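Chain IDs A, B, C and D follow the sequence of writing; residue 1 opens each chain.
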């Protein structure tokens, strides 16, 4: 039951984050097509962040599926992840309003990097709470996605100051890599049943 | 259980969308009746969108009732639907603030059309995940509402540039058509029991 | 299960309404005690509305407890109730910012009156969906609170234009009357078990 | 079931409070590093409040675990707690925007103190609803954290006018004290099983 409440709380926070992000798309004053133009980069950054938050919700869902009990460490590691995710709307709005300029794009990458680190920490605490033959441990054993993402974020953060579109391209690429849910966990769960 | 979490997340997002939409009704500075007048079109568009989101929540509820398992495709098709619904408050506010002028009314229709398309895609993925004698497939077999709505939205989008009230009239008409929950699914479920 | 989702959705909407209402308490620019003074009437109106929404959540909870199945009418009557409740933050902010002046105080009463009417309609649909010996019907049989509240709201709405504090006094009085949860339903449920 | 709904509602409200708090981190207009500087104190106060709300959610979770039935008093004591927690984003934003100056830091402490008092009242009502050998009563028997926190808040409120960093230091210290979940309840629950 405890796990249910942690999941419900995380779902609630992610649902709110994903929805208040749209408040950055401020209603323009005019009713001409020109009034919409300044919103275009904000809209693009909204799409990107919506996908990222969808990926986190989805993977969080899969990972918690393997979690048997919620320890204090797992609870706080989960809040730590939600903390970084809660900064996504800010970074999204700042990047969008400044047309993907250098510093905002780098800050966006830092938030993504810190979220990935927080997700990794949460994963380690869940594995630590499980038996040595942990299902999750096996599933993430050769987790190339989880290993390559932080490296790509780090590259993108530095690239933002030289070639911003390369940076945005990397963020988009990582999102596409993750769009496929982690089938290994699903496969193992199926194999177990 | 997986389905429960998808439903809970969707409910959460729709509940937040429907509620933050009211933030477009900004508190006026004066306390006279005149101070309320500019809010009247925003209030009307709020009512219309509230009904639309209520319809989506209701129909989503009915459709998920027939869904046995959540595949990756269903999960992302559902997030895709929530994405378009999350743009409803923006389109509502823009249309209301501009007194249902041409472009905002057309954009409102585009958001409704894309939501309908996203709902259709989700429906198809759910049917694809079911047996050939899928209950949902039968239920939507002669789904005239689902077929006529996108056509009416498309007409309304173009009409917005010629006769805006015709456009708004169509949006209202489609809302009224859908206000009745999809009794076919209910009937089939009853018949099955 | 259907009822669970209706309750969860209603809880979500009421939780969001009660929380976004605090956004009307805008952070003042200065850090002196004088900077807080203009917030005082908004704070008072926030307390009043917080109690009202708490009452609605509580009574909604009790009423849904007696509801066996959710019909289409109940679903829409519930959304209708949520619609009027969603306007409470607007009315609260307007009344607070204008120091309980006549029109905003009257509008606040109108929202409360319409919420009470919507609650009554929902109650009637739930009773209609039940057996003639409906538990809820008996419980609300001599529901003097439910009968006197709309009358008091109507009085307060007109009084707002003559003596605003009388109006606010009535809103406060009705809140106090309702603060006690409807023990009749509880008693009947206990008696039934 | 009743308890579930109270927990779900409380989770919802706390999830919304923790998330709308980030709206105080307003997207700056420029894209330079200087544009971020004014946000730094707001960011620090956001971290502190995020931890406090996480602590309340966590401890609320543990406490409700021991609660067998929800009385009217528990329900309203819980809403009373949520009321004070709902003011945390306001106090956080005010304190952050004014760089932890005297009055805002004192008001922040008052909100924390009132939340602690509300939590204590809720705890007492839950104990009162239980048998004399209440598990919760034993667990909080020598609850030094619960006893020392209000005293420390009171000290910090007065200290804010003389030495603001001492005040902030105390708020941080209390947060650190509470970061460890109340293991006594966990231990007793384990012992009981």
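Everything that follows uses one rule, which is that a contact is a pair of C-beta atoms (placed from the backbone, for glycine too) under 8 Å apart; a residue touches a chain by one contact, two chains touch by 3 or more.
Small disclaimer: the values here were computed from a predicted structure and weren't measured.
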Shared interface numbering between chain C and chain B [over half = same, under half = different]: different
Which chain's C-alpha centroid is most distant from that of chain D? B
Distance between chain centroids, defined by C-alpha means - chain B, chain D (Å): 38
If you average the CA atoms of chain C and of chain D, how far apart do the two points sit, in angstrom? 27
Numbers and ranges of chain B residues touching at least 2 other chains: 8, 12, 16, 20, 23
Chains that touch, pairwise: A-B, A-D, B-C, C-D
Where on chain D is chain A touching in the complex? 7-8, 11-12, 14-16, 18-20, 22-23, 25, 27-33, 36, 47, 50, 54, 57-58, 61, 65, 179-181, 183
Which chain B residues qualify as touching chain A in the complex? 2, 5, 8-9, 12-13, 16-17, 20, 23-24, 72, 75-76, 79, 82-83, 86-87, 89-90, 93-94, 97-98, 101-104, 107
